[in-house]
Amino acid sequence: MKGLKVSVIGGGSSYTPELIDGFIKRVHELPIREIHLLDIEEGENKLEIVGELARRMIKKAGLSTKIISSLDRREAIRGSDFIMTQFRVGGLKARARDERIPLKYNVIGQETTGPGGFAKAMRTIPVIMDICRDIEELAPNSWVINFTNPAGLITEAILKHTKVKAIGLCNVPIGMVKMAADILGVDSSRIKVDFAGLNHLVWGRKVYLDGENVTDRIIDKLLDGASLTMKNIPDLKWDKDFLKSLNMIPCPYHRYYYMTDELLSEEIEAANSEKGTRAEQVQRLEKELFEVYKNPNLDEKPKQLEKRGGAYYSDAAVSLISAIYNDKKEMHIVNVRNNGTIKGLSDDAVVEVNCIIDRTGAYPINIGKLWSGIDGLTSVVKAYEELAIEAGLTGDYNKALQALVTHPLVPSVKIAKQLLDDIIRENIKYLPQFKS
Amino acid sequence: MKGLKVSVIGGGSSYTPELIDGFIKRVHELPIREIHLLDIEEGENKLEIVGELARRMIKKAGLSTKIISSLDRREAIRGSDFIMTQFRVGGLKARARDERIPLKYNVIGQETTGPGGFAKAMRTIPVIMDICRDIEELAPNSWVINFTNPAGLITEAILKHTKVKAIGLCNVPIGMVKMAADILGVDSSRIKVDFAGLNHLVWGRKVYLDGENVTDRIIDKLLDGASLTMKNIPDLKWDKDFLKSLNMIPCPYHRYYYMTDELLSEEIEAANSEKGTRAEQVQRLEKELFEVYKNPNLDEKPKQLEKRGGAYYSDAAVSLISAIYNDKKEMHIVNVRNNGTIKGLSDDAVVEVNCIIDRTGAYPINIGKLWSGIDGLTSVVKAYEELAIEAGLTGDYNKALQALVTHPLVPSVKIAKQLLDDIIRENIKYLPQFKS
Amino acid sequence: MKGLKVSVIGGGSSYTPELIDGFIKRVHELPIREIHLLDIEEGENKLEIVGELARRMIKKAGLSTKIISSLDRREAIRGSDFIMTQFRVGGLKARARDERIPLKYNVIGQETTGPGGFAKAMRTIPVIMDICRDIEELAPNSWVINFTNPAGLITEAILKHTKVKAIGLCNVPIGMVKMAADILGVDSSRIKVDFAGLNHLVWGRKVYLDGENVTDRIIDKLLDGASLTMKNIPDLKWDKDFLKSLNMIPCPYHRYYYMTDELLSEEIEAANSEKGTRAEQVQRLEKELFEVYKNPNLDEKPKQLEKRGGAYYSDAAVSLISAIYNDKKEMHIVNVRNNGTIKGLSDDAVVEVNCIIDRTGAYPINIGKLWSGIDGLTSVVKAYEELAIEAGLTGDYNKALQALVTHPLVPSVKIAKQLLDDIIRENIKYLPQFKS
Amino acid sequence: MKGLKVSVIGGGSSYTPELIDGFIKRVHELPIREIHLLDIEEGENKLEIVGELARRMIKKAGLSTKIISSLDRREAIRGSDFIMTQFRVGGLKARARDERIPLKYNVIGQETTGPGGFAKAMRTIPVIMDICRDIEELAPNSWVINFTNPAGLITEAILKHTKVKAIGLCNVPIGMVKMAADILGVDSSRIKVDFAGLNHLVWGRKVYLDGENVTDRIIDKLLDGASLTMKNIPDLKWDKDFLKSLNMIPCPYHRYYYMTDELLSEEIEAANSEKGTRAEQVQRLEKELFEVYKNPNLDEKPKQLEKRGGAYYSDAAVSLISAIYNDKKEMHIVNVRNNGTIKGLSDDAVVEVNCIIDRTGAYPINIGKLWSGIDGLTSVVKAYEELAIEAGLTGDYNKALQALVTHPLVPSVKIAKQLLDDIIRENIKYLPQFKS
């Protein structure tokens, strides 16, 4: 038995120790022979630090898994069983620009939502397409677990335009399950949530505890102050009438749509203060983290990593890989081809829904027509995503403009154009498709 | 041969002379025996003025059509062949409130679009339901031509919740055809436009002159300064890149979505000036008009009516009635049950599309999936309409809140609640369903 | 903890000992307080024999479950947690007629497929509707596990026309899984089959062993002589080219469609011989079985029951009940509302597909458009079922005629009429809806 | 003004004089410069006879239209405005085989329906694909009016696999309209029929006279003996209960499905008598016709042509061409891409429905879900067509077998195989795709 090869595209990320920790914990069900951490030249230093830490962690766990860190993408991909994509084109500096450009126009500046997410998508699509060409050639049977944001949009681009077997994954749904469990004080295995929507725009339509519908109890607790958010999103309280009438659990990112003005004020305030935007905070955090990682005595995932915001990231990823490898027929919430699951969206749209995972892939549980209260927002954001994918692939200014105009957080054509021009200008280094 | 009975619900409207003029012009194809102008007590004075003018017009034309003006709804409806609904619950005063309330929150204040249209819908639904019950009883075979705004939403409420045979009609599409003809300097009978969308949210996807696609020429002319708007919507110029990339003809009301900030500024400025909101301007205009109407020597449609904004209203209505009565199998752009015409929208959603009209009704020409650039906005506005209809029928505060939250012109839950509370409070007299 | 009440409508069936055996085996996960065996007057004798045997079996197992046998339907239903419907209106005598009438016209005579199944549906629908009215009143939260054939059609009638929570169940899919396991010599828990279709018209589209696609191996073995059939269907071999080109596993009942002439010959021969039709064989078998059941020393499921044809019936039913009760989130193949699972069929059509079962019901895994090779037959049989349900509810001769004309096994309108007239005449006692 | 070029692929057909007659009658609205009659070497003699007759007809009409008859396909196609395809691969001899092979197995033997139509499709698809490649190159803007049978299936093959602008046309719907007019004794311009279905499987769902629903009257007349059939289909009377319960007008070809056994008997009897199959009768008729055509004094469409069976063929074709050329926005019943018109069928399926014709093409009027009574048969025949197209393109034996198994007139897999083997063997000269 030769064991599995896992490659991590963007392996120099500060999240990697979390992932290594996850693999170590599941060693009894996932016989991993080799973990190949791949990064690009600009990230070589970080990659080395992380690689060394990973090796110390593996050693401490008494395992023989080989940790390779390299800049050779084709070698990383060749023969992989699982490929995890968690890279960030342009790094945190580009993210900081993504956050700041929209603020100039009084528009939400966020990494994955709105114009910030659009800019990130434009930078990412050319790179992911290149990677997928390599995968088609060098590891055509591998499973790609795509974490690269905007994860739903990027997964849709992969599934529409390559032959790669990809599943999009995000820690938001698993986070919502865990927090529902916390709220009720029970183990998360007893909780089932019926999710429906898109990545970073997913609603928990019903929450069950041991098969009993407890959605009302969760809503009451949320209104009472229980928290269901992410590190990177201000924890503003939900309006009572709204949440009661919605009668579902919004995801943390919904705040950008439902509390647009409040969040915009917070963002502007932070950006104008010493705190800076989220990317700027994270840059400082990362610096500290890598200092910690460098410590040659550190041989486990450090506590400080929790502040970074990727809670359950490792859990979601490693348990998904295990469900595939072990043919578990287990429910996971992932991003897959719609194929009629949500009525009204295109068959080839990617949606974030409850799926059964086995060795042959992810099978969505049928949903049907969404309730109008969430169908409208889902449809318009999906329309934006479809246009953004086309723009990202072709570098067509017109498609890009239509994408931004369609986005519900962009208030007018005039602002859409200003945003687009700024985004192209400030990212031109990463936008070969827009160059000609 | 006994001739047709046409009843006009809201017959005291300043538009009525336009309609009478239309019937007179088509007398050779529409043998009308009786026109019953119906209004409510508050409108009795106007009704009498309009009724007298109508009688003088008929007399001048040498016709024997009987003009009845009354407050007796059941008599007006009984045995009608065609029933035209053009009433405005609460009159122009309510409209002025619809326009001013949103402006308090920096939200577009417009009669049919956004929160203003929502308020109008809430006032109208209980009344139209009552009317339809009478029609079901007293004129079950009649055709209802619904002009009452928001015309698409109200038509959907009728088709979903009554057995009345209704077709929703608006002068926007015919206006767009006529203006395309003007731009090209040709007769409008040579123009065909492929429309798709919702009432007051309809795109001319392609314009043909004698079967040749001239969309590009129209777009160039529009960018060159040609005008395609309504009296009630500021004639802001379209952005060149946007219009070229859209490659369709937006309807005048699209400006509220595509030029939100510019129109909001204009509205606020007008509201704060002597000019006032559109309703306030129209109130003055109406006053003048009725003075003109009173003149016992006036026996034709007065010139001043053109300023009122209902261009082609009579043309659209009378030619539609004639197409039905004469089984013309002619193309008209009307509001009908979707039934799969636009893929992705519900079967029972009402859409504004090209239809073939004959004696048995309106048959939409198939469209399929809309291009993402217009699919998203169409879907989200339709979702709003579906929620608004439910709210209007039930008086359910939660549904009403969700409707406003879903509307793309309402920026957040907080503002949605403020708007909703203001709307209910200021309209409570007309909102029996919200009273309990 | 008070335990569950299970009622069995048609409790006097010879299958009941199988069911009791199943409950005994799962006692550790299903705490059953009471099993209420219900039958009608004509079945009283059998009911008593079965009831006594059931009591002896429970006693031998050392359990305290109460076995009640009665003719009081309302008492049986009242407060049940699970209600199993396994009755046969008119008994085996009616089934014999269902089998013989079509043979007169050289048409397949089968209990659930073709005109025989149609006759059975006509007799069953009025009775199941009555039962459901009682359930709505006396056990509104119960789960109905419908085994009554034609199981898909009857389940669709229930779901369309009552508020009862019903799941249709058949032993064919579980039988196909078990036989695939036998063919490969592995435990059936390692097999997953992707099913799609309708009850008694379900295809195993792909067979997986531990997540590996082994469809080809199963097909080769079937062509080599491995058997995948039911006791009641002659085990004719599949044509090699056909099975290879189908590349799916047909269910045993597909032989009626794919080998129509061969099976018809066999049926005619059997009917004209001493062997008789299947119902006639079963009548003899049942006689023997009840003689065995009467033996006061018998306190377990007798071997002879295996010949009866209901293999895995108990397994399918009891494991489904346990999956619901224990909120297992486990995959079962059941009959549920389509709701977009199979593209092209109506939302309210009932389909037989892989579902995830938990305490709140059965959730189908999305399928999408079927391959044309199976889509056509599925669509036409479903159209027949929809018409048959309408006919069964209303007693409308025209609908009934259209149903038979639509059925692919009925060769012409002329024969459809002859069949229909014979069926109504010979079943008139059980067809109150057709009487007037 | 240079006038139009029309080419006729299969120009040596005995139908051509009908077509020439039609063009002469519409000369005021269709300025045709050149009619290019194309045929293949085997048809050279007929082509010359028909060409000469056409020239005499044009001369008599005093027109200057140039009639070219040639064997040069590329010349015929080059620069055409309209291309009419009315060829028959293998001629009437192949048709005779198509009719006789099925009869060996007691299966309907018919030119376009069932296995006969399948054989014809297999011979036609390679040829039409070649023609379309030429059209893509030499007349990319031309309109192809496809009459080649099976017309719906062939049109679907063209639209799915080429870039050619094709509309499928059949004289059945226009024939049904004309006969409804005859039955009522009115001009056919006053009749509208709502058609839905597939080519040679189309139902007149409602018949209107001046907009009044007269379906019941037509049905009564049909039951009274009025005839609505084609020359090539025996005029068997409809069953009263069936037609009343169908409440639609079946097309003549429906007899093959609804009266299978009666028509089969007739066919077998004819085939075994001197009369022979329809192809054999037509062969004699054609011989006579060409003798008549040869007469150098004949300069108009001869009476005898009426027996040939193509009533309204010219009318349907020339009026369709005129509707396109003159941008008429007129209703025609043609074969077009479904695109959601009939719910449940694939978007790219070709359906026969009411369309509005203008210079830019054929636009179907939306239909929605068909009533189950016709939905089932439509779906299963369409599934057969989809498989047959794949088989015809690829020569895949498996696809071909699945196509025949799926066809409702083929009773079993065994017979399907025998049919397929016979069809391939006897047509191998025309089936290059099946050769390897």
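Each chain gets a letter, A, B, C and D, in the order it is written, and its residues are counted from 1.
As a working rule, contacts are C-beta pairs under 8 Å (C-beta built on N, C-alpha and C of every residue); 3 or more make two chains touch, one makes a residue touch a chain.
Remember, it's a predicted structure, so these values are computed and weren't measured experimentally.
S.K.: Enter the minimum step count from chain B to chain C; a value of 1 means the two chains touch.
M.R.: 2
S.K.: Going by the average position of its CA atoms, which chain sits the greatest distance from chain C?
M.R.: B
S.K.: Looking at chain pairs B-D and A-B, which one is connected by more C-beta pairs in contact?
M.R.: A-B
S.K.: So how far apart, in whole Å, are chain A and chain B when each is placed at the average of its C-alpha atoms?
M.R.: A distance of 45 Å separates the two centres.
S.K.: Can you list the chain C residues in contact with two or more other chains?
M.R.: 369
S.K.: Following the definition at the start, I'd like every touching pair of chains, please.
M.R.: So, checking each combination of chains, I get A-B, A-C, B-D, C-D as the touching pairs.
S.K.: Report the residues of chain C in contact with chain D in the complex, numbered from low to high.
M.R.: 239, 241-242, 244-246, 258-262, 344-346, 369, 372-373, 375-377, 379-384, 386-387, 397-399, 401-402, 405-406, 408, 411-417
S.K.: In the complex formed with chain B, which residues of chain D make contact?
M.R.: The contact residues of chain D facing chain B are 192, 208, 210-213, 327, 329, 331, 339-341, 343, 347, 356, 358-360, 363-369.
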